[in-house]
Each structure stands twice: as structure tokens, then as C-alpha cells.
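Look at the two complexes coming up: subunit A is in both, with subunit B in one and subunit C in the other.
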Partner chain A sequence: MKDKTIKVDYLARVEGEGALYVKVKNGYVVDVKLKIFEPPRFFEAFLRGRSFREVPDITARICGICPVAYQMSSVHAIESIFGVKIPGPIRMLRRLIYCGEWIESHALHIFMLHLPDFLGYDDVVRMAKDHPTLVQNALRLKKIGNEIVKIIGGREIHPVNVRVGGFYKSPSKMELKKIEDDLKWARDFSIESIKFIANLEFPEFEQDYEFVALSHPDEYPFNEGRIISNKGLNISVNEYDSYFIEEHVPHSNALHSVIVGRGAYFVGPLARFNLNFDKLSDVAKEVALELDFKPECKNPFKSIIARAVETLYACDEALRIISEYEEPEKPYVDFSIKSGIGYGCTEAPRGILYHRYKVDEKGNILDAKIVPPTSQNLKMIEIDLWKFSATYLNLPDEELTWKCEQAIRNYDPCISCATHFLKLYIERE
Partner chain B sequence: MRKNKPKLAVWKFASCDGCQLSLLDCEDELLEIVGAVEIAYFLEASRATVSGPYDISLVEGSITTPHDAERIHKIRKVSKYLITIGACATAGGIQALRNFKDVKEFISIVYANPSYIETLNKSTPIADHVFVDFELRGCPINKYQLIEVISAFLNNRKPNIPSYSVCIECKRKGNVCVMVSAGTPCLGPVVQAGCGAICPSYNRGCYGCFGPKETPNVFSLADHFLKSGVTSADVVKILRNFNSYAESFRKVSEAYER
Partner chain C sequence: MKGSKGKNFLIVGVGNPFRGDDSVGILVARFLKRCFGERVKIIGVGFSLDELIQTWGNYDLVILIDAVKSKESPGKIYRLKFGVDEISARLEFFSTHSIGLIEHIEIAKALGKLPRELIIYGIVGKDFDIGGAISREARASCKEVIKQILSELGG
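Then we have the complex of A and B:
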């Protein structure tokens, strides 16, 4: 086979900036680098000296797509220091705002960023010309997710209502009831879309992944649980730093996470689905099984199905919460400030998001550590690209490049998060 | 389809992607927008790109690397109108907090091998580097204001974006003032409207997402905070968020730091 170079300067339909470099020599893939040139913003550094009260507002700004995740991981970490116990209705509101973010973020990725790859379009606008109803419905689904975040949080991007101890203001039952009919529609459309998505064509590609996700005894995980894997990991959140380390590699402004002694791992919708299938709602389980989509799915291209099943679950769970919700007497609980170290890990749309804070006796931040899902997936994405490009080297360059982009998008990488976009080079020598 | 639709480009610098996401968050309007303009360059949404020049360039993010300081000039050259969107592009963003500290120390806190990291000492707004036709405020921007600005430029008129304070929006909503009634420090009197006075509507003080309003008296407000029991150190923190490097906020926070 001829040695050559294929180059795509900016990989599109991902959040943030990066590049991929694949080098092929004598018919073998000899190097793969996922270059992250998203400029670093140093959140962990400028959090030092800030008050714990400001942390949910500041860390939200790490990501415009999943700000709720940053707010949730940060408040849970800080509450663990102060020993705050969150009562039922506030806990339910936190699950509900997370449902909104999952619906909004998953709908964005499934229909606007990833589906165009499967159907052969450059983008959703071109896809809309041939599939107008599908795109209109997808936009409506996304809007309903955003509406939940807006009612509870005040606005869709960077909500203002989340605080340590709960919320500044709790929504009334009536305000939440307003979106019930929309959510019922969203649930029906999600069922329809899973069926459509499960029947797409998927490249034959599997790896023996270590899937990592939160696991909770009674529910599909959002804010709480132990960190588990399909290879025997089962730890509490405060043990995270003993099992996971971040490596700094020269070609990336994002750190790469690995499991100590084992290497790369896989977080996100497919990992959650594989590890928490039995905790899905009945309708989500039924639809998945009907389509023979069940754990343990090892094809990363099928992440899009897992994302669609989770969207259905989030609609279902939101409806359950709204029907059971009673407005709390007070939107937050009181607590006393003390010094210490706290740990938080929640399930962002893209996978587990770990926060650790050390605060002084006034509640000022002495040290912060934030590990976003994308930096946990980066090493796995590189390994997928090694194997995937080696398997499909006989494809024409243009097609191989597009397929590699699609393989990256399986993980819905958010590079704004991970640095604290992607360019693609395939070099054949 | 009508030929020669105006070409729209979306560019990203150091940011969270939230402001360009606002364009995709126009769920009810998106298909109409793409009917009126050609999305010629918008990598978050499309792998297809059309070469310039562009009629409107929307720029998100601040300048923080030597490479980006060069890139913004190239974008200016191919753009008829350059509009910055959001607090990063108009004021340096949250990452401008480095401007008050030693960036080398920041790098070593976050990264194990500081030599791999290329970054400038300061995070600066786009207008520090090139001429900007319009600055749209917000962290994040208000999507309806974004649609207003795009349609104004397409129709050769001035965008109808108020430069008065959050207080005006707040009063119009009929909120009880959080500063008067509960003594909560609130930046509303010096911050530009646009968000819809969300924070006071949620029982908290404004924390300044839209940056300083036209002719704000920040010293006077900071003095009021002090009199109501806020420490100087906390005044500095209140002014140092997403628009910390905007001149009128910066001057006061630096004065209170001394």
C-alpha cells in the first residue's frame, strides 16, 4: 500500500478545538495523536482564594454545553466537607435539572453533531433539507430539555439558581406542571427516534473496553453512587485519586486520565448503559431489548443508541419527578462552614465528572482539582483511532478521514471542557 | 433558493462554547436563520466550510495565545462586519483572572509539564487586537439579542440593544430590590441589561454576566457595599468574575486590592 498523508485541519462538530494526526507507513498505522490546541484557561488555578459560594458559578463557565454538570459536581464536593444533608425535594430538583441537561445535550449531539455522519451529510442544515420533520422534532426535543434547565436554573446556559445547600429559589409545582405535556411528547418522540437510530448502519468495530460509571443501588446514576467498572473496579468517590491519574502529554493542552496499572477507560452514555441497564425505567428497557440493544455493547459507534435510550430515560424520569414533586418549605438547607477536603463525582452527559476541593475554615478554596469526562476518554479515543484506522486502511482517504472523525464523535468529546475542536491529519509515508 | 445569501462565519477563541451554542439554541428560529444566511463557517455545527470573505463574522472567546493573536487579524481581513459575542470576546472572560496574577504559577498549578504549554500573560478582548463593529455582551449572550444583532447588520441598521442597567429590567419585572429588602450585594445598578434580571428574580444579587453598563459609577456602588458590611476583599471578588478585565470594573477592583 502507498504511504501518504491525509489532512483535515479542523475536525468539526465537536465542542472546542483540536486536531487528529494519523501516520501510515508501509501500510501500517505508526502514530496517532489527538492534538488539543484549545487554549488553557487555568480554572483550577484561579479558583484558589475564591469563596466556596462562587464555585458553582465559576466552574459552570468551563462548559457552555454542560454547565449543570459542573454545578452539580462542585456543590456535592463542597457539601461533603460541610456535612450537608440534602432533603428529598431538593435532591429531586437536582435530578430534574440534570434530566434537562441530558435531554438538551444528548439531542444536540445525536441529531445535530453525530447523525449527519451516519446519513452522509456535512451538517444538520443540509440534513434538514431531506429530513425536515426529523430535524424539527429534534429541535423541539432539545428545546424541552433546555426549558427544564431554564425553569429551575433561570436560563439554559450557565444557570444562576444552583448553590451549596440547594437552590436560591425553588420552582412551584405549577411551573413544573407546565412542561408535562411537552415531556410526554418528548418521550414518544424519543421512542420513535431510538427505533430509527438503532437501524442505522454501524461499522463493525469492537474493543475489550473498561467501562466506568457511577452506580447507585436504587436509580440510574446522576448525582450519587460508587464508581464501578466492568473489570472489577468498585470504589467510593473519595478514593478516586488513588485509582485514576492524569498524565500530561506534549501534544495536548488536555490532560489524559488513566486507571493506575490498567490504562485507558471509557466513560459516558455507553458505559452507563452497560453498567446500569437494570436501573433504566421499564419503557426504556423494553424499547432497547425490542431492538436487541443490550449490555454489554462493545461497539463505540453504537454510543448514539445508548444516548437515545438515555434521552428517553431522562424524559421518563423528569415526568416521574414532576408528578411526585412537592415544593420544599425552604429552597436550601443551612450549614456551618468548616475546613477540609471534599469530593464530588456526578454523571455529566459525556460521563463522570470529578471535582475535589480543599477549603479553609472561612470556606475559601485552597486547592481544586477537576477531571472532565472528555479528558478521561481522550486516551481511549486515541486507541480506537489506532485500531479503527488500521482496520479500514483500504478505504479511500476521504472516506477514511470522515470515518475517523465519526469515531471521535462517538465520544461526543467536549474539548472546551478537557482543556481545561479537532484538526485531523492522516499522514501516509 | 435565492442566490448570494449573506455569508455568516462563527469563530472560536478561548471560551466555553456557550455563546456559539446560543445560535443552535435558537430552536424555533434556527431553520429560518439558515434560510436567510449561508452558514459559511461554523465548525461546531458543520464539517463543510466555504471560503471568505464573509459578510458577518461572529467571534467568541478571548485572545490568550500567540497563535490566536495572529489568527484574529486574518479573520478581520476576511470579514465585512466583525461582531464579538460574549464576555470572553468583549472583556477577556473568566480566564482574564490570570491578568491579576502570575500566569507561570497558574500553569504549574494545572499542568505537570509547564514547558508544553504556550500561553500569553494576559487574556484580552478582541477589540484590543482588531477593530470590532459591535460587541454583544453576556455570559452567556441572550439569544434573542443575537438574532436582533444579526438582522440589524443584514438590514444596515443599528442594533436595538439597550445599554441601561439591570435595575431597569428588574423594576419592570416588578421584583423587590434584593439589596434594599435583604441587604444582598447586587451589581444590578452598574451592569448592562440583557439577561432579564434573572438573579434578583431568583432571590440573589446580580453577579455581572453582562459587564459594565454605559457610564457606570462602580466606585459609588462599591462604597455602598462596604457601608453595608461587605469587606474590601469581598468587593474585589464581586467585581472579579466574567468581566473582571473591563476597565470600569478593573479600576475599582485594583483600588480595593491596595
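Then we have the complex of A and C:
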């Protein structure tokens, strides 16, 4: 076989700017690099010296798709320093705003970015010409997710209503009730979508992954829980730094995370599904089992099914919360500022998002650490590509390139988050 | 709502105010908002275009303003009528979003949501660096585009 390098200079349908480089020599893959060009954004550095009050709004700016995740991880981390206990209704609102973010983010990725791969379209524009109703419904679903974020967060992207201790203002029951009918439609559409998506054709590809996700005794995880894996990891959030480290790699502006002594790991919808299946709502479990989609699924291409199941769960959970919600007397709880170090880890749409802050006695940030899910998945994506491309080397370059891009999109990488564009190079020598 | 030439119109400025010349769409729209209020929508980094395209079918005229990356000199103004002028591949509308401006227009078309008339103003930018300032050329063209849009609407 001819040696060559396949390059994709601009990887489309991912969030942010990056490229992929695959080198093939004597018929073997000899190098894979997922290059992240998006410049480092230095959020951790410019948080230093700012008040803890500004942290949720500053970190929300890291991402336009998952700002709620940044707000949630940051407030939980800071609240752990001050010893804040969040009462029921505020806790429910936090779960509800997260449901909104999962719905909009998952709808965007499933239908606009990833589904065209499975249906053989170059992009959603061409897919929309043949499947206008599907795209129309997907846009409606995304809008419903955004609407939840808007009602609770004040606006749909980069919400402004989240604060340490709760929210600046709580929505009335009536305001939430207004989206109930839309959510019921979204739940039905999600069930239809799972059935459609589970019957797509998936490449035969499995690896012995270490899946990592939060786990909570009573619920599918959003904001709280222990960090667990299918290989025995079971730690509290404040032990994160002892088990996970970030490494610099020369070809990327994003750091790569590994589990100390074990290496790459997998976070996101498939990891959550595999580790928390029993905590899904009854309807989500039933639909998944009916389609024989159950843990432990080791095919990363089936992440799109997990994402669809989670969308259904988020609709269901949002409906439950709205029906039980009673507006709190006060939208936040009072607390005293203390110095210390706090840890927060919540389930962003793409996987666990870890924050650590050290604050002084006035509540000013002395040190910050933020580990987004995409940088936790980057090493795993490279390993997938290494193995996956090796099994398809006989394909023409154009097809091989497409398959590699599809494999990258399994992880819904958000390059903007990870750096802190994607281009692909496959070189055959 | 009707413009002075009787058209039910919508103006949409697209861009990122934190990336140098990518702010041109936002700056033009901000100015026009003072004249036309709710008939002007500003799509910055914090807002998503896909919800807006679903309303386009309700309008006679939609005017979009965005920054363009091109080999032409900075500040050059393009006025393109969708479906009439060819929107050439050499024109790259700058986007920090995963789905760009032209893709959104194409999706609107596929979904039957295009307005009767869609006009795109593109201003060629020079510097799109994060945190960068708007260039002198792009700023001057913003003023010119405002004049042209006002004249187009008979204002």
C-alpha cells in the first residue's frame, strides 16, 4: 500500500478551530495528531484577583453552547468553600436549567452536526433539502431547550441569572408552566428520534474504554455525585487532582487529560449512559431497551443514540420538575465568605467539567483550574482514530477522511472550550 | 411592521464584537436599531441564528449585515441579493459558530422559510483577532452601509 498523509485543513461540524493529521507508512498508521489551533484563552489566569461573584458570569463566556455547565461547576465549587447548602426548589431549578442546556446542545449535535454523517450528507444544508421536516423539528427541539435556559437564566446563551447561593431571581410556576406543552411535544419527538437513530448503520468498532461520569445515588447526574468509572474509580470531586492530570502535547493548544497510571478515558453521554442507566426515567429506559441499546455499549459511534436517550431524559425530567416546582420565598441563600479551596464537577453536555478555586478571606480568586470535557476526551479521540483509521486504510482518501471526521464527531468536541477549527491531514509515505 | 416603502422588513446584524472587524454587522445593526427598534435583530456571540431563520418567511425583506474574509481590500462592501447574485465561494462570511451565515440561509431555503427578498451586506474585514479593535477601513464602511440601508428603506 502506498504511504501517504491525509490532511483535513479545516474540520467542519465541530465547535471551534482544529485539524487532524494521520500518517500512514508501509500500510500502517504511524502517527495521529489532533491539532488544536484555537489560541489558549487564559481564563484561569484572568480569573485571579476577581471576586467570586464574577466567576459564574466570566466562565459562562468560555462556551456559547454549554455556558450553564460553566456556571454550575463554578458555583458548586465556590459554595463548597463557603459551606452553602442549597435548598430543594433552588436545587430543582439548577437541574431544570441544565435540562435546557442538554436539550439545546444535544439537538444541535445530533441533528445539525452528526446525523449528516450517518445519512451520507456533506452537511445539514444538504440534509435539510431531503429531510425538511426532520430539520424543522430539530430546530424546534433546540429552541425549546433554549427557552428553558432563557426563562431561568435570563437569556438563552450566556445566561446572567446564576449566582453563588442560587439565582438572582426565580421564575414563577406560571412562567415554567408555559413551556409544558412544548416539552411534551419534545418528549414525543425525542422518542421518535431515538427509534430512527438507533436503526442507523454503525461502523463495527469497539474499544475497552474507561468510561468516567458522575454518579448520584438517586438521580441521573447533573450537578452532584461521586466521580466513578467502569474500571473501579470511585472518588469524591475534591480528590480529582490526585487521580487526573493534564499534560501538554506539542501539537495542541489544548491540554490532554489522563488518569494517573492508566491513561486515556472517555467522558460524555455514552459514559453517563453506561454508568447511570438505572437512574434514567422509566420511559427513557424502556425506549432504549426496546431497541436493544443497553450498557455497556463500547461502540463510540453509538454515542449519538446515548445523546438522543439523554435528550428524552432531559425532557422528561424537565416536565417532572415543572410539575413539582414551587417558587422559593427567596431565590438564593445567604452565606458568609471564607477563605479556602473549593471543588466542583458537573455533567456538561459533553461530559464532566471540573473547576477548582482558591479564594482569600474577601472572596477574591487566588487560583483557578478548569478542565473541560473535550480536553478530557482528546487523548481518547486520538487513540480511536489510530485504531479506527487502521481498519479502513484500503478506502480512498476522501472516504477515509470522512470516516475519521465522523469518528471525531462521536465526542461532539468543543474546541473552543478545550483551548482554550478542525483540519484533517492523512499522510501516506 | 412596514418600512417607509411599505415593506415588512427585518434587519439582522451578525458578528462577534470581541473579534476586531467581525463586529461590523453588530455595529451597523446597533445604529439602525435606534431608527427601527424591534425590526432590527443583533446576533452576537450570545445569540443563535437558527431560531431567527424560522421567522424569515414572515417578511417581505430581510437585510443581513456581516463581515467577510476576502482577498479584496479591507472595507470593500458587497451587496448581494440572494437568489439573484451568485454568492461566490471566494467570499467567506466570518463565523465563530459551527454553522455559518450562508448555511443558515440555505437551511431557511430548504425549509421554505426565505423572505420574498433577502439582501446581504458584506464588509471585507482586515483583522479578526480575539480582543482586536475594528480597523479604520471597516469602520468607514459601516457608515457607508448604514447610509445605503437607510436609502434602500427610503428613510
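Brief remarks on what is shown
Going forward, the second predicted complex is superposed on the first by the 429 of 429 C-alpha atoms of A that agree within 3 Å, B and C clash if a C-alpha of one lies under 4 Å from a C-alpha of the other, contacts with A are read in each partner's own complex, and residues count from 1 in each chain.
By our rule, a contact is a pair of C-beta atoms (placed from the backbone, for glycine too) under 8 Å apart; a residue touches a chain by one contact, two chains touch by 3 or more.
Being a predicted model, the structure only gives us computed values, none of them experimental.
After alignment on the shared subunit A, the placement of subunit B and subunit C results in a clash. By the document's definition of touching, both partners, subunit B and subunit C, reach A:His158. When the two complexes are overlaid on their common chain A, residue A:Lys195 makes contact with neither subunit B nor subunit C. In the superposed pair of complexes, A:Lys184 makes contact with neither subunit B nor subunit C. Judged by the touch definition given at the top, the superposed model places A:Leu139 against both subunit B and subunit C.
Looking at the shared chain after the overlay, A:Lys231 reaches neither subunit B nor subunit C. By the touch criterion stated above, A:Arg262 is placed in contact with neither subunit B nor subunit C. Put simply, more of the residues of subunit A are touched by B, taking subunit B and subunit C as the two choices.
In the superposition on chain A, A:Val125 makes contact with both subunit B and subunit C. In the superposed pair of complexes, A:Lys173 makes contact with neither subunit B nor subunit C. Looking at the shared chain after the overlay, A:Gly64 reaches both subunit B and subunit C.
Taken together, the two complexes place residues 13-15, 39, 41, 64, 108, 112-113, 123-125, 128, 135-136, 139, 142-143, 146, 155-158, 416 of subunit A in contact with subunit B and also with subunit C. Subunit C meets subunit A in the complex at residues 45-48, 50-51, 54, 96-99, 103, 106-107, 110-112, 130.
Touching subunit A in their complex are the following residues of subunit B: 12-22, 24-25, 27-28, 30-31, 34, 39, 43-49, 64-65, 67-68, 93-95, 97-98, 101, 103, 105-107, 109-113, 116-117, 119, 123, 139-140, 195, 198-199, 201-204, 207, 209, 234, 237, 241-242.
Of all residues in subunit A, those touching subunit B in their complex are 10-17, 37-46, 48, 50-51, 54, 57-58, 61-65, 67, 108, 112-113, 122-126, 128, 135-136, 139-140, 142-143, 146, 154-158, 160-161, 163, 168-169, 246-250, 252-253, 255, 331, 402, 405, 414, 416, 420-421. By the touch criterion stated above, subunit A contacts subunit C in their complex at residues 13-15, 39, 41, 64, 108, 112-113, 123-125, 128-129, 132, 135-136, 139, 142-143, 146, 155-158, 416.
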